[in-house]
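Labels A, B, C, D, E, F, G, H, I and J are assigned to the chains in the order they are written; within every chain, residues are numbered from 1.
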């Protein structure tokens, strides 16, 4: 058994039982963004979180143990994603990557925006010309230092 | 001559004269995000915008004409970027890509978040544990339709 | 279970029972282009459409549920397709890609032809020198805006 | 000297003199699609066509000779294009490729739609919900035969 | 079930029963080149041909139906083949590719040698210095046209 | 200076002076196939051949010396060629590669068809349904031996 | 069944029964180099050799038949091998490849060292500073000829 | 200036003056294998060796200084080499790689054959059936240890 | 059976029984670094070590035999790792690779730091600003020699 | 002008004047590891550091300005490095990557070892069996958090 098999079981149960990530997250007691990432095999659950997931999805003890093991992360099958929704994000990095780099460096100096000490919030933004997806990303700035 | 040469000249002038993107954007009269992307060769300027850039950077008429031509977009040299700051964004797409997909579909149904009808805002978020980079992305939701 | 397994079952049934996409589409009540893409795992069916497909192909309830989940899109196994028919389309993009870009920009300005708000129609075009395949693609123009 | 240098000179002159592909095509006496592809280095001009291009762009005799040499075709720099407009076409091949294959085979049997005995027409399609790009592709069907 | 499984069964039977492609082709009533390609999953059989193959290899009706479905073509596992015999052919394309291009264009003008309206004949060529493999390829010339 | 520069000069002169490979080969005294490959930088000329090429193309002594140095072979810019004519050959290897392998092994046993002790002949094959390109490849069979 | 499955069975038996390639080769009556390559699925056995292998490893008749079929060669999983021992050989080709090319051409003229009419011998070379691996490679020189 | 430019100058002089690696090596006082690798930019020369090379090729002091700097090694332009002679070596690693691994491990245990404490000797091996290239590789065995 | 299956069994048992690498290493009697690498399928165990592992994880005799066979090394699924922790190491090689090369060459001359005669020690480094990971790598310097 | 040109000038001057990184670092007042990385174009210098480098290498004011601009990082030319010394580091990540991951997670939980808040120290480790290279890497542990 490995984490991927647990992830697949969770997704299968979710589809068969018409569950929603928002409801699942409410049960787990975390944001919908973190909870979805965790159940898609990208994050590590603590004991209490794993127990709730075990109950919700009818997992075995061994499957529940796997949720508490740090997974090998990376949720895409190829370096350039083929799915149009995910590709648009890759395109944003391609088109705006150097812009993001310039503006963060102009404001903060040399360093990076952390993808670890990081959170994300996805919301519907009502708009008369067609609703928009608003995504807020927040990552700690980590400076390079000379030594 | 091509757009890339104009971009390189703009960057050279900016470094040699210690200019800042924020100031340049104020002159051009657009957001710092759009202006930086445009001057890094990813966006098309209209006549008025191009004229301001010509004056700021001392461009020739031919160089200024190139700013008004739609460029071949894509600012990175390799499918997987090597620069740590830009890589962190690629990593976010890798780790959270399927999460973003699930949550947008749960809220909106099948479709994408546009990378064209799109804007971005990058700000410093003060934080006692170390300041954070906050990035707000806003893209129109475009639904797939059956026909 | 995942969507790919449902797709494979549908294809197996279609071959074993000598069904035609055109007839299937008439049953589903959508164009043959959209219906084929949907049953090849690229589009999301609504409840009514999925019910018809369930009846036609003898699917289980769980398989029918999967048809209503937004799939991870992308129907090819490699970045450059090896099948000659599909490769010819890739070749068109390779040879005419910059031409298409120039002419759309000349007519519409900077932006893209949407692959989401998009439809396709494939027809036989009778020709004494050998019949032709005529494909009409229609996609909404989406302009880039400055902000 | 090679064809690519002639292409670059043509593009440079076009930008500097604010020319349009539609007007250039009218001078050359061919469709705007073929003419643009030809001047972007993908097609071979005959003597008369090359002479008109020489006059329009002020080419030397050697540059004009290159226009009449069959070029090494392929206008993109990478297997997966980074430019958003061209990528959308690649995405269409990725998402609809197997659909196109199924429907052409259902109508015509085994074979391909030619990318050589091929023409393309790009038009604006007025639409109250936002104008659309309509592209008509026409390629001869070429059957595989057993021998 | 898919075509690949049918191909694998055919190859397994052929090895277990020490059959030869030349004999199989004689039964099918086509050339050994076309028959081998077809049974390796690259060509589409008509009803009569499929029936003969069914009898020869003891296929089920469903397996026989798959032989009559146009397959996804491409018989190699990687872009650059690792098998030395097949690699030599790839090497011929690498070393002589531009030569073949120049000479076909010199004789015929711009266009291609078809790989669809195409046949191949492989023979032993006796030679006192060591027998040779002689391969005759014949493909219709398809000209590019301006429009 | 390197061989590639000599090749480029030869091609430039050929285009500027409207020369033909067939005529050049007659001067050099070799087949048009070998001569073209040699002047495209894939083969090594002996002194006499190089002297004739020097006279025909007006090469310097140093350029002529390079023609007699064994070149680094491989005439294509990417693993999968983008030019349609050359791609068709790559497609033949992709679709028929395993067929060629099976039939050569059936006739000769384990080994390869040499791409070194190899010759090629390209001819026009008149055909009322459209002329064909006929290519005859001849390569010595080289058997693997056990030891 | 395919050759790879036979190879895996042979390796499994060898590990479970603590056999050595040297002893197996002595039974088969060939060098340890050829025998190992053959049993790793890279070479074709004749009837007598296959019978001995059948007895040694307890193969079925069908498995034994597969040993006598020419395999699809290539024993590595990626273009650049990850295993350190095999990588060192790839590194030798990378670092010394052009050197080997220069020296063979200086001695023999244009051509190659055959990898088909080829043998290999691997021996321990005692050395007080640490024993060495000595590998002798012998391949027939095959000259390119003009025609 | 960099090492690659020095290498190109050395090769240019060698071609223009019809020099041989064997003679150059005799002057430098090292084997022809090491000397060729060094002058092709893969090895570091000491002061005395560099001085001899300076005299032989008419190098400047700065060029001579570069010969004594450890170079970035790797003499091939692509992961899979296109030149037939060098490819044959890559093929040997592909076909015999796992064999070499098995036999070295059987004799020595876990570890590698060094590509650093390594030498190579290339000789003509006279053979009535056609002369052969004999290459002797000698590399120190380096064992993995547990700790 | 192969080594990978044994590795997967070991990992499964470890997760199900909440074992720690540090404790396992103490049982095996080696460092935690070597033991973990070995049980993840990268190192070869001797008889005594394998017996202890057999007892700890309840392996069969055949599984235990596989632990004593030299494995095909390389623990990552792609050339550029997607897991953030492992990617940071790849990034260190990318950003600091040329620095490491320069400084080792400056101190030792041409050669390498061995990855075979190599050990690694990973420790927690307490730090009031947040604990650090300290990794000490020690590899024998192996000089290139001229010959 | 760009940073790469400044880097190349610095390297050229260093080679021509036989300078050592250790001495340069002493002048700059930072560690030899950071200084070398900075002058190889991977780090950003402050004004004071840049002034010292200007004096040492005779840089122009514009070149000196570039040293203070955050560079696009990544010092290698290919995803898998070809240089043997740098490859050994890549190999360490390949062979030990999952081990490092397991042990850091066992000690710290889910998170990464920072490559930004990071330092490196390279020393000679005297050893009677041959001196060793000792490298100490120290990176802050950054935990993933749920939110």
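As a convention for this text, contacts are C-beta pairs under 8 Å (C-beta built on N, C-alpha and C of every residue); 3 or more make two chains touch, one makes a residue touch a chain.
Chain-to-protein mapping (UniProt): A, B, C, D, E, F, G, H, I, J = Cyanate hydratase.
What you are looking at is a predicted structure, and each value in this text was computed from that prediction instead of being measured.
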Chain-contact steps, minimal, separating subunit J (Cyanate hydratase) from subunit B (Cyanate hydratase): 1
Contact-richer chain pair [A-B vs B-I]: A-B
Inter-chain centre distance, subunit C (Cyanate hydratase) versus subunit H (Cyanate hydratase) - centres from mean C-alpha coordinates, in Å: 53
Distance from subunit J (Cyanate hydratase) to subunit I (Cyanate hydratase) - Cα centre to Cα centre, in angstrom: 23
Interchain centroid distance [CA atoms averaged], subunit A (Cyanate hydratase)/subunit H (Cyanate hydratase), Å: 49
Rounded Å distance between subunit E (Cyanate hydratase) and subunit G (Cyanate hydratase), as computed from the means of their C-alpha atoms: 29
Contacts with two or more other chains, residues of subunit E (Cyanate hydratase) listed in rising order: 33, 72-74, 76, 79-84, 91, 94-95, 98, 101, 105, 111-112, 114-116, 142
Contact pairs between chains, per stated definition: A-B, A-C, A-D, A-I, A-J, B-C, B-D, B-I, B-J, C-D, C-E, C-F, D-E, D-F, E-F, E-G, E-H, F-G, F-H, G-H, G-I, G-J, H-I, H-J, I-J
Subunit H (Cyanate hydratase) - residues contacting subunit I (Cyanate hydratase), complex: 30-31, 33-34, 38, 43-44, 46, 49, 70, 72, 98, 101, 105, 109-112, 114, 116-117, 119, 142-147
Subunit I (Cyanate hydratase) residues touching subunit A (Cyanate hydratase) - in the complex, by the definition given at the top: 8, 11-12, 15-16, 18, 78, 80, 82-84
Subunit D (Cyanate hydratase) - residues contacting subunit F (Cyanate hydratase), complex: 1-2, 62, 65-66, 69, 72-74, 76, 79, 115-116
In the complex, subunit I (Cyanate hydratase) residues that touch subunit B (Cyanate hydratase): 80, 82, 84, 87, 91, 94-95
Sites on subunit G (Cyanate hydratase) touched by subunit H (Cyanate hydratase) in the complex: 20-22, 32-33, 36-37, 40, 42, 73-76, 79-81, 83-86, 88-108, 111-115, 118, 120, 122, 124-125, 127, 129-142
